[in-house]
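Look for chain A in each of the two complexes below; its partner is chain B in the first and chain C in the second.
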Partner chain A sequence: MSESDRGRVALASLMDAREYFRNPVNVALLVTIPYLFVYFYGAIVEHVVQNLPEEYAEFISVPEAYAMGAFFGAAVLTGLVGFYMVTGARAADRRLVVAGYRPLQVVAGRILTILVVALALNGITMLILSFFEQPRFPLAVLAATLVGSTIYGFIGVVVGSFMEEFEGSITLFWIITLDVGISFQLGETGSAAGNLFPGYHPNQVMVKGVTEGTFAAESFLLSLVYALCALAVAVAVFHREAST
Partner chain B sequence: MVLRAEGVEKSFGGLWKRRVEVLKGASIRVDEGEFVALVGENGAGKSVFMKVIVGLMKRDAGEIEVDGTGGYCPQELELYSRLTCDEHFELFGRAYDMEREDILRRSDELYEDLRFAKYSDFLVKNLSEGTKQKLNLSIALMHEPDLLLLDEPYQGFDYDTYMAFWDMANDITAAGNSVLIISHMVGEEGRLDRIYQLREGKCFE
Partner chain C sequence: MRYGTALRYSLRSYYRSPFLLALLLFLPIAFVALSFAVTPSGLMTLDIGETVVTADVKDIDGLLVAPFTATFLAGVIGLFLMLASVEADRRLVLSGFRPGEVVLARLSTLAIASAYVSLVSTGAVLLHYPVGQPLLYGVSLLLRAYMFGCIGMLIGTYFGKTGGTYLVFLAITIDITALDPRITLGEVPDWATYLPGYHPNQVLLDAALTGLPDTLTHLVLSLDYAAIVTLGVMLVFRRRILP
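Let's turn to the complex of A and B:
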């Protein structure tokens, strides 16, 4: 990458970040979404456990529920950030490409901004989680939520590159809902289908970090591979849409 | 010759949607220093033709040749809502490969010509429609392109700005650069070198 390319990507990313952080709603969501997900996931499960007979309650992990809330809160918000960042500026981005930016430079700026937002969001998420529950291996949980939310950020870019706001947000919502509701359970039954969901491998890292205090290196590696594949698809789809 | 489009065809639809042929062999030519208008009824395909020329849409058939740099002002406001006017100049100036001093010089000139300097640090979302349109147009003009492609660029302008726009456009052609404008031309025919009418997918001079 030449100095000129780097300069263009840096400028595009700076402008993207300004656009994002200048919206007070976006800044408020960085705090409220993680709080609501962590609180509701944890509080609901805690309530259920308190009202279950002891022989059933022992199968449910309250710390895991809080961490799941942290994970999906970060994933949902980063996915939406990726999605709306692309749909909201689609026409202006294409004009920028006509003016001389290469599609790869524009999408690289977007990707960098998503990474910055994901970093900020996960820092806030871990802080909020620590008020409710202290995981046995916090770094494993941070790694899991960071890579998981980044995957969703890239998926948001993919969906946002070719779908309009209404159908795109519904598609994204269904991917996340299926991931939350099905992938984890499918994985536990030994079905290979669970492995295909974006949140499956990061979840494995998180659960091990919460319940066993260990770092599931293999699952983390698979999460990184998944993230790289999602990144490649995001870049390809954005490039195709911005080039025509 | 600055622009030559020959036999351009473009249709929409296909498997799931009704097929609509918009351009059926449209041809147009713009020479150096010419001020050319493209007119036609609503839905005739003027904006589609310009988007095909610019490269925002793929053509189904035909040839397009542009000699030199181009500047495009779309009919819709294609801007970033939470960036300022200055930041738009900086970003698009980088896209045009302009030096920083040139970006500042040209933005100052355009602020003055189109009279919106006091909004330089305003976010686009806080601008009036007319001022947004001034920025929309300025982005197309800032690198002093050889060929300006303008799709009804003066919507929302007040009378003084509208007149200033035509003066600017005449200065541009007087300097040897060319302009292709989609216009409804209320009494502006005298300013133009040639007029093409787009009718039933073809251009007639």
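Let's turn to the complex of A and C:
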């Protein structure tokens, strides 16, 4: 990539990020939504576990519940960022291409923005999580939520390119909620069906990091493969949107 | 007559999209089924209003997922109703419609959509749990969904799509979390009693789990709350569509 290419990608990304972060509501919600989700999952399980026989606690521990809330909150927000980026940027991207940008430069700028938002969001989420519960291996949890929410950022792009905003926002929420629920239920069954769910492998990394204090390298690798596949589809979709 | 025309056109955007209708049907069914399937069993004692009940956590989860789904859908419907229709409604007013007719048509659309998602959610719950008073349970869902639909419309007035969707999501999460009987354990914080979902939630819990000791009071207060948010939407929407 030439210096001119890099400059254009950086400029496109900077403009995207500015559009997102200059809205104080977006910034405020980047903090409050993860906070509520971490609290929502953790507090329910904490209260339930206190009031139930011990075997219930074996199904889900309190630290796992807090981490699951962090994952869910980060996934929803990053997914929506990817989704609204593609629905809101079509016209602007096409103008950039008409003005001389190559479609790939525009696409790279958008992808970079999703990664920056995901990184910022996960940093905030981990900070919030640490107020409630200290995972035994925080880096594993960060890696899991980061790669998981990035996958959802790319899924948001794909959903946004095929659906109207109304249907798409509902669909995205539906995909994430079902995935988090099913991925967690599949647990460590090693079921082949797990490979179909975007959240399954990140969930494995997260659970191991929270409960055993270890890093599930194989699951992380599979999460990265999933993320790369999702990235490839997102790039193709963005490229088509910017070119047509 | 003109109200009927406005309502018909407003509803057309829903029924001409079979995918959307399927989504609004499938989502509550899937969420409720998943909740009953995933949540492990375990008996828990809950203090609900004046009654102490022992119930399975799995059932409580399923009973509470239905309002979450219905309110989320209604909230997003309200949000997009406001975001997508203001320009068209302004043109309708310019062409001779009275603002009141247009506002009423939009609110009726929201009420019908809320009734649809509430009906589906109630049906989905009944497939898994024998709710003692299904009609009351459905009414409580409808009231909560409609109120959050109105709140979605108010949010849509002042915020864009991204911030608006986040805010709807945030408002519903606060409402559901703060009133979850597994968290409050019978001691709902004072501030949470002012939330839109408080009274419908009491009706819902009574209809599903207790012997309806104080349902009428909460039902009337829910209706009052719904009337207040409706008035708020009417005022804001009317001002937005006036030329």
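Structural remarks
Throughout what follows, the second predicted complex is superposed on the first by the 234 of 244 C-alpha atoms of A that agree within 3 Å, B and C clash if a C-alpha of one lies under 4 Å from a C-alpha of the other, contacts with A are read in each partner's own complex, and residues count from 1 in each chain.
In this text, contacts are C-beta pairs under 8 Å (C-beta built on N, C-alpha and C of every residue); 3 or more make two chains touch, one makes a residue touch a chain.
No experiment lies behind these values; they were computed from the predicted model shown.
Superposition note: with chain A as the common reference, chain B and chain C can be accommodated side by side. By the touch criterion defined above, A:238 lies against neither chain B nor chain C after alignment on the C-alpha atoms of chain A.
When the two complexes are overlaid on their common chain A, residue A:96 makes contact with chain B while staying clear of chain C. Applying the stated contact rule after C-alpha superposition, one finds that A:23 touches each of chain B and chain C.
In the superposed three-chain model, the partner touching more residues of chain A is C, compared with the other of chain B and chain C.
In the superposed pair of complexes, A:8 makes contact with chain B only, with no contact to chain C.
In the superposed pair of complexes, A:152 makes contact with neither chain B nor chain C. By the document's definition of touching, of the two partners only chain C reaches A:43; chain B does not. Contacts of A:174 after superposition: chain C is touched, whereas chain B is not reached. For the three-chain overlay built from the shared chain A, the minimum Cα spacing from chain B to chain C equals 11 Å. Overlap of the chain B and chain C contact sets on chain A: residues 23, 88. By the touch rule above, chain B contacts chain A in their complex via residues 54-58, 72, 74, 76, 78-83, 87, 90-92, 94-97, 123, 139. Residues 4, 7-8, 11-12, 15, 18-19, 22-23, 88-89, 91-92, 94-96, 98-101, 244 of chain A touch chain B in their complex. Residues 20, 23, 25-26, 29, 32-33, 36-37, 39-40, 43-44, 47-48, 51-53, 55-56, 59-60, 76-77, 80-81, 84, 87-88, 165-167, 169-171, 173-174, 177-178, 181-182, 184-185 of chain A touch chain C in their complex.
Against chain A, in their complex, chain C makes its touches with residues 17, 19-20, 23-24, 27, 30-31, 34-35, 37-38, 40, 42-45, 57, 72-73, 76-77, 80, 84, 159-163, 165-167, 169-170, 173-174, 177, 180, 182-183, 185.
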